[in-house]
Amino acid sequence: MVIIRPIEPEDIEALLDMASKAGVGVTTLPPNRALLEAKIRVSVQSFSQQIPEDQAQYLFALEDVDVGRIIGVSAILARVGQQDVWYNYRVSTTVSTSRELDIHKCTPTLYLTNDMTGSTEICTLFLDPDYRHRNNGQLLSKCRFMFIDDHSNLFASKIFAEMRGVSDDQGRSPFWQALGHHFFSIDFSEADYLTGIGQKSFIAELMPKYPIYLPMLGAEAQAAVGKVHQQTRPALAMLESEGFNFNGLIDIFDGGPLVEVFVNSIRTIRDSFNRQAFIVKHVDTDVRNSAFYMVSNRSFSCFRVGLITGDAIKSDTVSLSAELAERLRVNSGDVVRLTALRDPRQRRN
Amino acid sequence: MLLVRPCHSSDLEAITALLERSGLRLSTLPRDPELLAERVQVSLESFAQSPSRQGKERLLFVLEYSPGNSDSDRDTPQVIGLAGIDVCAGNGAPFYSYRRDELIHASHTLNVHNRIPVLYLTHELTGSTLLCSFMLHPDWATSDHRALLMCSRLLFIQQYRHRFADTVISEIQGVSTEDAQSPFWDSLGAHFFAMSFAEADSHSAYRSKTFIAELMPPHPIYVPLLTPAAQRVIAVAHDQAQVNIELMEREGFSKGPHIDIFDGGPTYECPAVRLSATNPARIKQVRFGGHNAGQTYLVANTSFQEFRCALVRFSDGLGDVIRIQETVAGLLGVKDGDAVIYVPFKSGGR
Amino acid sequence: MVIIRPIEPEDIEALLDMASKAGVGVTTLPPNRALLEAKIRVSVQSFSQQIPEDQAQYLFALEDVDVGRIIGVSAILARVGQQDVWYNYRVSTTVSTSRELDIHKCTPTLYLTNDMTGSTEICTLFLDPDYRHRNNGQLLSKCRFMFIDDHSNLFASKIFAEMRGVSDDQGRSPFWQALGHHFFSIDFSEADYLTGIGQKSFIAELMPKYPIYLPMLGAEAQAAVGKVHQQTRPALAMLESEGFNFNGLIDIFDGGPLVEVFVNSIRTIRDSFNRQAFIVKHVDTDVRNSAFYMVSNRSFSCFRVGLITGDAIKSDTVSLSAELAERLRVNSGDVVRLTALRDPRQRRN
Amino acid sequence: MLLVRPCHSSDLEAITALLERSGLRLSTLPRDPELLAERVQVSLESFAQSPSRQGKERLLFVLEYSPGNSDSDRDTPQVIGLAGIDVCAGNGAPFYSYRRDELIHASHTLNVHNRIPVLYLTHELTGSTLLCSFMLHPDWATSDHRALLMCSRLLFIQQYRHRFADTVISEIQGVSTEDAQSPFWDSLGAHFFAMSFAEADSHSAYRSKTFIAELMPPHPIYVPLLTPAAQRVIAVAHDQAQVNIELMEREGFSKGPHIDIFDGGPTYECPAVRLSATNPARIKQVRFGGHNAGQTYLVANTSFQEFRCALVRFSDGLGDVIRIQETVAGLLGVKDGDAVIYVPFKSGGR
């Protein structure tokens, strides 16, 4: 059985373990004990409301309760750009027409913006490679939406995720080569690293402030704009199925897309419903014929999410096994929140 | 005998022939016969100070060779050069240039200090006096002819200083490759105009400049994002233009911060007051006579509409009078007792 | 009974009538016969695919079939900014921070964009004042989404609507006074009129191209940014309930908001479903206990939408009265599309 | 006797007293004693040509009054004025200004032709030589003292031309209201800096200029969007600065296109070569003697580090030698046979 819960200080060893498996490319989970300890500390403070709401960073752990060990993490940053400056490029369109010459030309143009300032970011999704079953990744990602909606006063109405952009085997980003490279006098990985550890003032100092006409960056860089790294495609597909859309914002270094959604359009939130918990010794379930549902205890500091199958859901109640109820810290009669783990709607013809 | 005078309608054929022989880019001079005729008409009205041309005067001068007495074989005067002045650059519409500037991007943390050259689109030169449409027949492209045509324009400006702007500018052709491609255009304008450099250039000669306002990207351009080839030619003059540049520098012009928006060629500038400081003109009364000997001067009559300018040799003294042969004076349209304006003539260019 | 159908040339008199009732302020429906005839012509050509898809403009009429007369219209522009240039300001955020001085300041900044170029606009909603019942306005507006999704290849994935901005009784717009006024040397109503009749090249010529720092426009103009005219609030609320959001784009003249949505997030489309039509002599219905549903025949050139109540909907079929089926041009066994006219979801607690 | 010389550590107290008496905005001179001491130290190192100051030299001169023999009551020299030169404006960091430009927004259809003034943020003046920190004790603010302090700086630049930039600039205080508010700041900077003009001004004196890079809005500013009060003061000097402007104009300075980013005050510019053209210096050998009579000259020794400059009266002849009394020469640190550099002195200002 797996359960989502807030991360705890004791999880540090398991987290370090996972970070060392993550390898390069996942800059948000560096195998650095001090840094990870700090991340856990901020999360613990956030779940106990010991730091200002707009600086909260929530870290969710996926625990395999059978072995008593965490096998994945995911995070929410309550509000980005509150202490530092949050940068994106916006791919905007400049249209120039001349009737006299019968020209109508669209030029994609990059504007440096801080438009995500104050929005909520979901990030740092990592699942132990040994546990990459069908449901674990979905649960790790989507449990966050259950949390966001039940505590929506703590989050922005716009939620976003940044997706890793295109780079080659050597980590060379064509977008960086065509743009950042000319202004930063350092290489992409160093810029990425500095940003990762929160040292971002060099961006204000060195980044070009005027709009950039995209065609001037050449074909290879243009092709990379708003495109994800091959390994990131499944993550993108999952977010898109939840209602996230690419809406023109990209990473200033590698040109990778930012996908965004208004919280009221998130599939998990829209389709969720409440039921009273009805605790039974044992729930008989036919996994093959019934879809999986997330079930959350709606708590803030003791937030828990588990998985059940749809046949346990009745019109007013939901049957939970005694074991699951205990893990969820739910008593009989408590109201829990449910959502199908996957969108049950078929694509219409 | 060589003479600089306002262009007439009857010169149209000769100018067309000249243009055909010229390889230079002359964005101010269309090759279309009808538009060219219109252009000459504008010049005539400008010399006549027609009120409708106020603020949009575009003057065209021709350099004419007349065989004179000593050469009876060829008796009709021949147009061998052309030069123009737009009194107000832009002629009532915005005149576009890029202005070269630099921004400093510095980070103490990273120990980086970059000077980033930037091009700003500007209309700053609008309303300056623009030298344009300079052209010499290749068979007659001697240093004397070049200097005569160039300096007579400047003498005209000096003479009618109050009719011109405080700054005189001249756009110099930029670098192009052998197949008439412009590296600057290919890296910048081509992205926005959806046409070749040659097309854009000819549109700019034939049509109103509205299409530039409509298509030119308004935001500043970071030079490091241009191709290396384009960066290399910014504010660099075409080889063929060197000889004119040397002439202009001698007269007080220097390279300014502006460049052409299409080919990146430099703009040379000169405060109008410096023209007279560099080469101050004198005005004296003409008496017929003399021996056509002595120092060579560039001499012009004092008529705006019937401007005539030629090279004349005479000895200048301390008095208020100079002596010029009657035939020469006739060519200049000057009678005994009339005033002329003159400067010492230096041949120039190669 | 009311029915949505494509507008027809014969509707011109009724349309002129309505336009003269519309009064000032509705610039998209001027009481000008030549102009309205042209609009109808373009719509007829669009429904018969006689003009390029990206120039299509579809005009839907709401007909009271009992009196045989149209009582409202609404429109879709398939793709804006194809012939001319489509302008908006984007309200972007510029953040400046100085750790040394402990300053973190957000400055809203307006960027002139053509970002809606190629998107689909819904516009020109007008309902005869005598027919302002509860359902007619909803139907006129939402029938367009039924059309868009069944013919989605003809439309963009992003749909938007421009909302009238704030102005006073004299039609003075504080946003215009603070910005456009300085550059146009004409007044707001003239600029609005010129744009309405498609003469927009003066915008390219006179509009400031560099970003505008909003605080420099003064408090009154700032307050008007992204705000709708009081009379437009109900229309905004309806679009918001369909999933439209203000996402930072405003009108360049009056600062009114543009609301946008990705087509797959529109409530009407998301919640729609297909049923086989089952034609009966008469449908007994209890209007008080059953919600209204739109029913569309899914046709392109003969597009029709009517209203039924939910109790007619079975698990695989829907019962239609013979009269309605005829008006909808639907035969027994045809597949029709259905959506609740209003979102049946209750706001969760 | 009046003397201009490099500032010493021992002048610190006197400068502090001076600053307290001064009402002028001196953004280059902090009032904080520790920072001021640091500033004087930088000057000492700059005069000593310390390699660590290379490219960041900031020179400070004081004007000192010594009672001399005729006035035995007051025997210690007194500092009555201060003037600085930043060899490279920005001192290694970007130097910010707005550059005034115009864009033309024209529409044929509407018959509109608007010239829209625009301010571009620029670093163009970075690396120019900046005159700064000019201050006279109110009790001693005569036209002679003003001219002496101002012109001795310029003579120093003329003498060590190769150590300075090609352009010399001076920022002139802009218009402020009686309660020390700046209309330009209120309409522009205030929106971005979240502080009063006085605060911003003092930060700019006390701290690194990084905060300007961090907070200054990078995009061009349309002047019509500023308040009318702000528009009126663009490139307008504070009344109190008029007298200095007149002095500088006499020496070859003119108002340039740049303005201060905080208060909109004008920047005056002068090509360094023009300094010597306007007021060419002569160099001759000193012989003790003479009668302290004749024309008044501004005379300086030829030492960089121990620069001394004073007003001296003597009769200049055709020879290579001038005669100066030994006491005066001693004040200048000049021995019999040493060279001095001098220009005729004109009193200036009111």
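Points to keep in mind about this one:
In order of appearance the chains are A, B, C and D, and numbering begins at 1 in each one.
The rule is simple: a contact is a pair of C-beta atoms (placed from the backbone, for glycine too) under 8 Å apart; a residue touches a chain by one contact, two chains touch by 3 or more.
Keep in mind the model is a prediction, meaning the values are calculated, not measured.
With B-C and A-B as the two chain pairs, more C-beta contacts join A-B.
Looking for a copy of the A-D interface in A-B, C-D or B-C, one arrives at B-C, which has over half of the same contact pairs by residue number.
Look at where the CA atoms of chain B average out and do the same for chain C: the two points lie 57 Å apart. Centre-to-centre, using mean CA coordinates, chain C is 63 Å away from chain D.
Chain A and chain C have Cα centroids separated by 33 Å. Contact of a single residue of chain B with at least two other chains is seen at positions 106, 108, 210, 213-214, 219.
Shown for chain C are the residues that touch two or more other chains, namely 94, 96-97, 201, 204-205, 210. Interface residues of chain C, counted against chain B in their complex, comprise 201, 204-205, 209-210. Contacts from chain C toward chain D in the complex involve residues 94, 96-98, 100-101, 103, 105, 107, 109, 178-179, 182-186, 199, 201-202, 205-208, 210-213, 215-217. On chain C, the positions that touch chain A within their shared complex are 81-86, 90, 92-97, 99, 104, 106, 111, 113-115, 117, 201, 204, 243, 245, 247-248, 262, 264-265, 270, 272-274, 345, 348. Partner chain D is touched in their complex by these residues of chain B: 90, 92-94, 99, 101-104, 106, 108, 113, 120, 122-124, 126, 210, 213. Residues 210, 213-214, 218-219 of chain D are the ones that touch chain A when the two sit in their complex.
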